[in-house]
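Which chain is which? They are A, B, C and D, in the order written, and residues in each are numbered from 1.
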Amino acid sequence: MSGNSFGKLFKITTCGESHGGAVGVIIDGCPPGIEISLEEIQADLDRRKPGQSAITTPRSEADLIHALSGIFEGKTTGTPILLMAYNKDQRSQDYDNLKNVFRPSHADFTYLMKYGMRDYRGSGRASARETLARVAAGAIAKKFLKQELGVEIISFVEQVGNIKAYLNHSLVEMHQVESNIIRCPDEEVAKEMIKLVEEVRDDGDSIGGVIKCVIRHVPVGLGEPVFDRLNADLGKAMLSINAVKGFEIGSGFAGVELRGSVHNDPFVLENGELRTKTNYAGGVLGGISSGEDIYFRVAFKSVSTISKKQVTLDVDYQEVELEAQGRHDPCVLPRAVPVVDAMAALVIMDHYLRHKAYQH
Amino acid sequence: MSGNSFGKLFKITTCGESHGGAVGVIIDGCPPGIEISLEEIQADLDRRKPGQSAITTPRSEADLIHALSGIFEGKTTGTPILLMAYNKDQRSQDYDNLKNVFRPSHADFTYLMKYGMRDYRGSGRASARETLARVAAGAIAKKFLKQELGVEIISFVEQVGNIKAYLNHSLVEMHQVESNIIRCPDEEVAKEMIKLVEEVRDDGDSIGGVIKCVIRHVPVGLGEPVFDRLNADLGKAMLSINAVKGFEIGSGFAGVELRGSVHNDPFVLENGELRTKTNYAGGVLGGISSGEDIYFRVAFKSVSTISKKQVTLDVDYQEVELEAQGRHDPCVLPRAVPVVDAMAALVIMDHYLRHKAYQH
Amino acid sequence: MSGNSFGKLFKITTCGESHGGAVGVIIDGCPPGIEISLEEIQADLDRRKPGQSAITTPRSEADLIHALSGIFEGKTTGTPILLMAYNKDQRSQDYDNLKNVFRPSHADFTYLMKYGMRDYRGSGRASARETLARVAAGAIAKKFLKQELGVEIISFVEQVGNIKAYLNHSLVEMHQVESNIIRCPDEEVAKEMIKLVEEVRDDGDSIGGVIKCVIRHVPVGLGEPVFDRLNADLGKAMLSINAVKGFEIGSGFAGVELRGSVHNDPFVLENGELRTKTNYAGGVLGGISSGEDIYFRVAFKSVSTISKKQVTLDVDYQEVELEAQGRHDPCVLPRAVPVVDAMAALVIMDHYLRHKAYQH
Amino acid sequence: MSGNSFGKLFKITTCGESHGGAVGVIIDGCPPGIEISLEEIQADLDRRKPGQSAITTPRSEADLIHALSGIFEGKTTGTPILLMAYNKDQRSQDYDNLKNVFRPSHADFTYLMKYGMRDYRGSGRASARETLARVAAGAIAKKFLKQELGVEIISFVEQVGNIKAYLNHSLVEMHQVESNIIRCPDEEVAKEMIKLVEEVRDDGDSIGGVIKCVIRHVPVGLGEPVFDRLNADLGKAMLSINAVKGFEIGSGFAGVELRGSVHNDPFVLENGELRTKTNYAGGVLGGISSGEDIYFRVAFKSVSTISKKQVTLDVDYQEVELEAQGRHDPCVLPRAVPVVDAMAALVIMDHYLRHKAYQH
């Protein structure tokens, strides 16, 4: 019942589920003077919501963001910021037949065992709507990092099911990501991905994939060995997103097959600046940012909620056939892209402040 | 300069490098009454140290563990526990030629930029010796979890370079892991792995691999959505280990290709107990332990220190040829196995106490 | 810009000022299943608001509390609880002449130096309205402690200016506290206090005082030596309230004059239970609750905002005469009583959960 | 069993009791580059130890401090610092008759109830020896603050029993504090205090007192409203010291009798700098340092351990007469002076770093 806060200096605490009052976040430790408008935050949220296209869930959630404290005359004041979106769309009747059922691969069972109760409406705190709070907070962090340091964060869909894009992440630009509904910068591969998702949706099934994220212009020195290494905090941030099953940075799992003589990134001079020739490290050395691009991959499993019939148990341990009503996302990847961006921003922001505490 | 603590209730703070005084850890928040002897802790440390076999670094570090507080008459008192091992083996002359060089893929550069100084002896806090503190603390956590809950933690080497073992992790036993120096429970594959490592060593090079860990008998309910999900904290723990580049739980990256109808784990009844038919989830649902085996994989890159000649820059940005002296580990995987065990124990321990705070 | 959270397991994060959107709090780590209604929370808030009587500020703040998450069908769900009250009463024109002035003993100067900006409307985060969030959160903690453990928390005004009440705190009951507007259980002394406050108000001045708090039926064992002693956390909690300048527990400052042979509380048996004959300790021994009544005193300075003319400087360091407009509280003590109650509840709640983590 | 850490960025974790292995501290988050020698740390510790004079406990504890990590070539490295002093003087036979007795006003009972066991040797973690760790860590913080900011911290004994010194704290200098064994800067009053303590000692009794502390040259802006106000963290720090029963800052409890028109500190210009005419605030406004002297008072109760006979209960709840053997301190005040200094330094240090995280 804890665990709803993230960050040490730039600290966010989220609340709210997909039904009931509102979903919100308090940001504590935000520096004063950041120019931010609700429109900017809204833009990031709009990247998140379903109804974006035919490919995702048709349910509409008009998520208008409100700031109830901490922002005054277009700037952060340095006092805690409360951002909120009121929940609408109360189609709880979609969920009536689920009241007493343990949906496979859902958190129903574990939540019931832990809390002694379960919020069967949507998935309570495990639902995707909770990420709205993260994206809202992340928008402010992103703005600061961009203005202050020129940091650029670009996530995109690199894989859906077994369809992979082979991209040079150093060359990907945001407009390419936003150019199609699957958020894959490779137009051709994007088409195949969309086709696959539509097949899956017609089957009443779901599919997973991989999001890649590249972070540019991160200053050298962020990260706190030994436990709060930058890669470790990025990993925790991503693994806290619903449906995430894996995280790898730099050369990741594939890189274990490379020998040290190949995998090492030698130092070279480039325009009087210390750079590395290659970047298998992924921009983090010894847990600290090296100044090179940080890039990592996040694995998302297929969404648990499917229309297809499933056999499971109810709360009396009786076998029951489940056919979930309502509208379901066959592939959560495009919607998760801004969430990965946001979590990356929150980690870099927090570490930047922690690093500043020790600078002259 | 922070980041040296891990855990919220069962909290460890480590200190020390590979040279200078000692490497140690203070454990704060350890329950009283745990029966633990220095021999038990030493046994775990001995699994860690090099000189174990011809395959690893021949340098001997006689790591005798000492308890300087918190243990009285063979039991923990509930007060902070200080565990320490004095550093010996001061072969710092091995490192003299490194004083002014940025070793490729080492933390020299990032540490210098962050701290304004670097401890060129060994790798300072980035060194593998620091993990001694983690293993010592983990030994106490493991003891408690075993006695109190019957929790079993077994890590083993699943892959070295491109040589993979295909094992059913549900059947692996500790004696199998300890039966060969590469710590792979499959005897045949172990032989190939050892052969590869020896080749690599003869080349003066290094190679990476993957460690798999299975945790059995974890009670249902551990994990704190939304940010302190059990899988997220396990991920952070593993990614904080030196040389780790990836973490995946359950079906991980491979699982993204499975459709929901396949990937979902249906609930079934087994001896009156709620179980899942499959376990693609890896024992964690919605960030909370489900009672099924928790299993995950950790990717280790090849060690950065190699004997083979490398070209790099020195602190004046002049090109220099580096041929590292001293004795180096061509493959850190076998020695990292007890470290993975220890970090897993620390995470489960901390979450168990956090969970208990809310039980009746 | 941090420091807006309180508590380790039962953790509250507050936000909001006296002007602008809303004042709110997210409670993270609240156990599920606590029966709580908005009416109960509102009742505690109503004890707080001005306009209660002629003696306090006539400004009305209709503080209707809303719960936007975490409470479902009359019980806490175990997920984060967002409580909020919308700000009304925008008489910011009361403050226009203050825009560029450093009000004596106000946080204007320090806030400007720290944040680079100041919210001249009211006192921003230093204002008394922020305590609404604390009282709302404290109401839930109090409910739990009462139902679960029978804990009783009673604060009252013991001193105003130089007028003191001499009470046996073991005998004070809540209805006595609520029986007059100054919240002093001694009727006669209360009359004198009210008279003094009215004099002070007529002078356009302000006066301070002392609140005493007694906490009954706290179980033995709460408190975490060495730094999170129960008395230390109570002290921090009280000193975080605006205008508080002192905290003393048990025999406090007066007790330093007593010799050990007098001051020690011998153990005696009472109905088979271990008790102490006296209770100079104030219910805390070695930083841990002993089961005896916990009692402490909190010193409040006179409110900084007075109508009387004052000479001060403006932001250009020019001397200026200040005559604050608007309506001001001559004595904050009666309104602070529920705030002291709330902070006490938050500390006991947090320590109770921390203690439970280690019980069988 | 937690609560052994203090600080958020400059964080110390202490361990050890008065018997067994060692007492120690790990400092995490210490900036690199601070010039510090063991002699400097030792000097502060020597101010602490008994045997200093006839007036305090004759038991000698040769507390030689050791640094086992984090300091290299006379400077802090930025990595965690482990400081330790080995326990000697094992006169545990002094305590044999206490094994089964609840000493009045000692933590025996509460510790037993909380931990299920008690370390009857000395007072375990409640003992004064634990403060060695705090003073050692505080020495490093003090050095940094002095060198970096010119901060001066001076604590002294202001009251013993009913004997008070009336001093202008703005004029007190360290050499005056150290000029007599009772650490009162007023020579005449010091003599009376010493006389009183000797009387008390001859009676086999104990007496309490008050320590005052003044902190000069603290930069403006330290402190984090609303909960981590500088005065609140100072209060918590002092209340965590053994035997402390009260804390007041600025005008404290006496000041509540002053009207606002008197108590307010008007702003004035002094040499182009913004100052306050008076300083009833005690250097903290709205929880943030104002640049004026911070001064506060800490109340210490009489020590619980006295030679005089006492009646109490044993663990079987039988009445027993207790006459504590060994050597006891009749007045802990002079020895507590460096502890107050150290805790003040730790608080200012931590808040300075937290403040720096938000500066340009």
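Structure notes:
Methods note: contacts are C-beta pairs under 8 Å (C-beta built on N, C-alpha and C of every residue); 3 or more make two chains touch, one makes a residue touch a chain.
Quick caveat: nothing in here was measured; it's all calculated off a predicted structure.
Across the two interfaces under comparison, A-C and B-C, the one joined by more C-beta contacts turns out to be A-C. Ranking all chains by how far their C-alpha centres lie from the centre of subunit A, first place goes to D. Subunit B and subunit C have CA centres that are 46 Å apart. Inter-chain centre distance (subunit C to subunit D, centres taken as mean C-alpha positions): 26 Å. Rounded to a whole number, the gap between the C-alpha centres of subunit A and subunit C is 39 angstrom. Each of the following residues of subunit B touches two or more other chains: 1-5, 8-9, 14, 31-32, 78, 114, 125, 354, 358. Partner subunit C is touched in their complex by these residues of subunit A: 1-5, 9, 11, 13-17, 20-24, 26, 28-33, 66-70, 72, 75, 77-82, 84, 114-117, 119, 124-125. Subunit B meets subunit C in the complex at residues 8-9, 31-32, 78, 353-354, 356-359. Here subunit B touches subunit A in the complex through residues 1-6, 8, 14, 102, 104-107, 109-111, 113-114, 123, 125-126, 130, 159, 161-162, 200, 203, 205-210, 220-221, 223-229, 231-233, 235-237, 239-240, 242, 244-253, 255-261, 263-269, 272, 274, 276, 280-282, 285-290, 297, 299-306, 308, 310-313, 317, 354-355, 358, going by the rule given at the top.
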